[in-house]
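Each of the next two complexes has subunit A plus one other chain: subunit B in the first, subunit C in the second.
This part shows the complex of A and B:
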């Protein structure tokens, strides 16, 4: 078996560097959008009228119950017939944001629910409004608890972003595929592709751990 | 109407069901200003539910609860039926009532001071400087001023409960509801909390308390109410309920406590043996 050709590998780096930046851009847009959508969905469920709770259920059920690739096809190939043509990046970022938003919403819901009911009762008994309970009692604790789960979900978003290659957004996976098609070398591009994803995922996990440690309530006690 | 003539809390025909299970029925009870009233009874008798109905943490479904004469939680519709009242009005009516919880229910992400200040700055919209002054005074009242900057996680159970009491006191309530305030505490931490409650009763604070600390209840209460199976069975002075119970159920309920007390040092020496 041939060893990995270092010359080939080094030659791939510039293309992969550019592609990694595109993957990062997609990831950043999707996670930022997804967090915003997820937070608003949870806010509406917590504080809105009962109708919002039902809409929340429909949104999370539909978007978590259908494969991401199917959503992506509908948005990229289907929306143009409704008069909305998006670029591959726009379509991928939008779909990934709405898709991950459903998961982020569920993370927020779980973290909101995890706050002991007694704390909420104490706040209500002390005269705090529902909004104040949400903002002052639930938010600070639930968001802290959500940090590791958000990091985990961001890693899943990173890996789903590979599917943007199917609609020709030239991120990491598409770049690797193109190189393979042209150069007929398989090992180096795909190994490098795997390494890139793994490094990005490891970076996200580490950032999540650091942020969780930084924001822990116990840590603040010792300060 | 004369202010002192209206009971602090007035309960009439109170009933409550969870699902098909009736946990309270036909409760009539008045809490007078300055009175310390204690609810005792076996587990599941409805003591805590009565207490929770008194500030509408539990919505009752029969009868009515009035705070200083104002109906709590509902308003009368044109046909005389009870309609749910808005969140804002409920908060207004329950304002004179503060609650101390069995599990303290402090907010762990805030300091002791933050816990006591939050109801003032948020519910009462008080400027922070004034709120801090009142909160520090309340913490001093329970002997916790030197721990103001600590978070609940670094305090003992007894200290947490004292902060819980300070949080309830800071807003100058007219009546304090205490739901088994010492039940979650290690035995050696009970006294520090009981001392605080005793000093409040000496200062004339109106209190309604659920407790299993019989000696303590007998010592601080003006009136003790015995409940069983969602009903009010007997009530009277500590002497007539705890030391000379006439009611058979009350006597049976207190029996284990009497035995323990006699085994220790003959504390309730005046107890009447069953004839």
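This part shows the complex of A and C:
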């Protein structure tokens, strides 16, 4: 097997740089959208009528029980026949947002459940409405507890974003594949590709740890 | 002759989808089983005192958990052919999924092993119980109960991840879906049918997993049994 050609590797950096930015753009859109959707889903389940709880269950069960690739195919290839034609980025970002939204919703649900019931009972006894309990008692604590879980899920979203290459969004994986097909070099592009994802994942993990430490309440910090 | 109705079309897809589902389940089963064996071996390696072995295991786990499965699959499919080895798509798919699952199962088993209090093993040793007996009767049942939910979760993830092998032309459920779309030009209903089949598979694994978990004594059923035994069977 040939040794790794550093010249080739360095020559790939510009292409991989732009591709990495596209991956990050997709990741940012997906995580922002997913957090919003997940939060609203959990909010609806907490404060809404029982119907919303059932809808929540259907949403999380269906979107987590089917592979992301299939969701992507439905949105990118299927929706045009129903009238909605999206670009690869739009389809990937939308599908990834709704897909990760299901996971974020479950994270939020777990964090909401983790708050001791006694606090909620005491607040209600003191006269706070359900909405006030949600905003003032549950949100601050649950969201802080959710930070490490959200960071972990963001890494999973990063890995899932590689599938956007299948619907021809020119992010990292598709760029590497294109270079391999054009230049007939296999080792350097794929090595660089794996390295890029690995570094991005490590960066997200680092950022998550920093954010968790910054936002932690004293009682939550492990001594 | 009238154009086929939706129900008739769906019935027509069923045999092909069933074939694809069978391939999906085959790849998934191999990945889960071989991944378990490899994962257990990795765990043993990572606990070894030889630093090279432990470091290699840690690097393996970090790589296979930190990079996308699609990238791992493409590497395992295209790199061997650059070295002169021809790997058939199905073999590459099974290999990639096995190596990937092994990393996750290694971590699952690590957590399960850590959950058994060391005192139990020490107490058993002080009673003179042989190491192998300790493992078989004390550690193994508890590890199995502790890791079972995570194993079921991993099995579901493997089945979902298996859809990725369709990009290297393995005739799994997702690829059968794409072929049907190419011949019927009805992407929405075909892919939704594919989604339903995946949903049925993952739901079945979840139901089976929960039932087996309860039978092993975990969860609410297990807790109830322990309480009943403690109360001497009396109400």
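Note that in this section the second predicted complex is superposed on the first by the 217 of 223 C-alpha atoms of A that agree within 3 Å, B and C clash if a C-alpha of one lies under 4 Å from a C-alpha of the other, contacts with A are read in each partner's own complex, and residues count from 1 in each chain.
The rule is simple: a contact is a pair of C-beta atoms (placed from the backbone, for glycine too) under 8 Å apart; a residue touches a chain by one contact, two chains touch by 3 or more.
In this text the structure is predicted, and so the values were computed from the model without any measurement.
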Touching partner for A:6 - first (subunit B), second (subunit C), both, neither: neither
Contacts of A:182 with subunit B and subunit C, given as first, second, both or neither: neither
Which superposed partner A:127 touches (first subunit B, second subunit C, both, neither): first
First, second, both or neither for A:58, with subunit B first and subunit C second: neither
Subunit B versus subunit C as contact partner of A:141, first or second or both or neither: first
Which superposed partner A:71 touches (first subunit B, second subunit C, both, neither): second
Which of subunit B and subunit C A:201 touches, first, second, both or neither: second
Subunit A: partner with more touched residues, subunit B or subunit C: C
Residues of subunit A at both interfaces, subunit B in one complex, subunit C in the other: none
Subunit B to subunit A touching residues, read off their complex: 55, 57, 87-88, 91, 94-95, 97-99, 101, 103, 105-109, 118-119, 122-124, 150-151, 153-154, 164, 167-168, 171
Residues on subunit A engaged by subunit C in the complex (per definition of touch): 1, 61-62, 65-71, 73-74, 77-82, 155, 158-163, 165-166, 173, 176-177, 180, 186-187, 190, 193-194, 197-198, 201-202
Partner subunit B, residues of subunit A touching it in the complex: 116, 118-119, 121-130, 132, 136-137, 140-141, 144, 217-218, 220-221
Subunit C residues touching subunit A - in the complex, by the definition given at the top: 62-63, 66-72, 74-75, 78-79, 81-83, 156, 160-164, 166-167, 174, 177-178, 181, 186-188, 191-192, 194-195, 198-199, 202-203
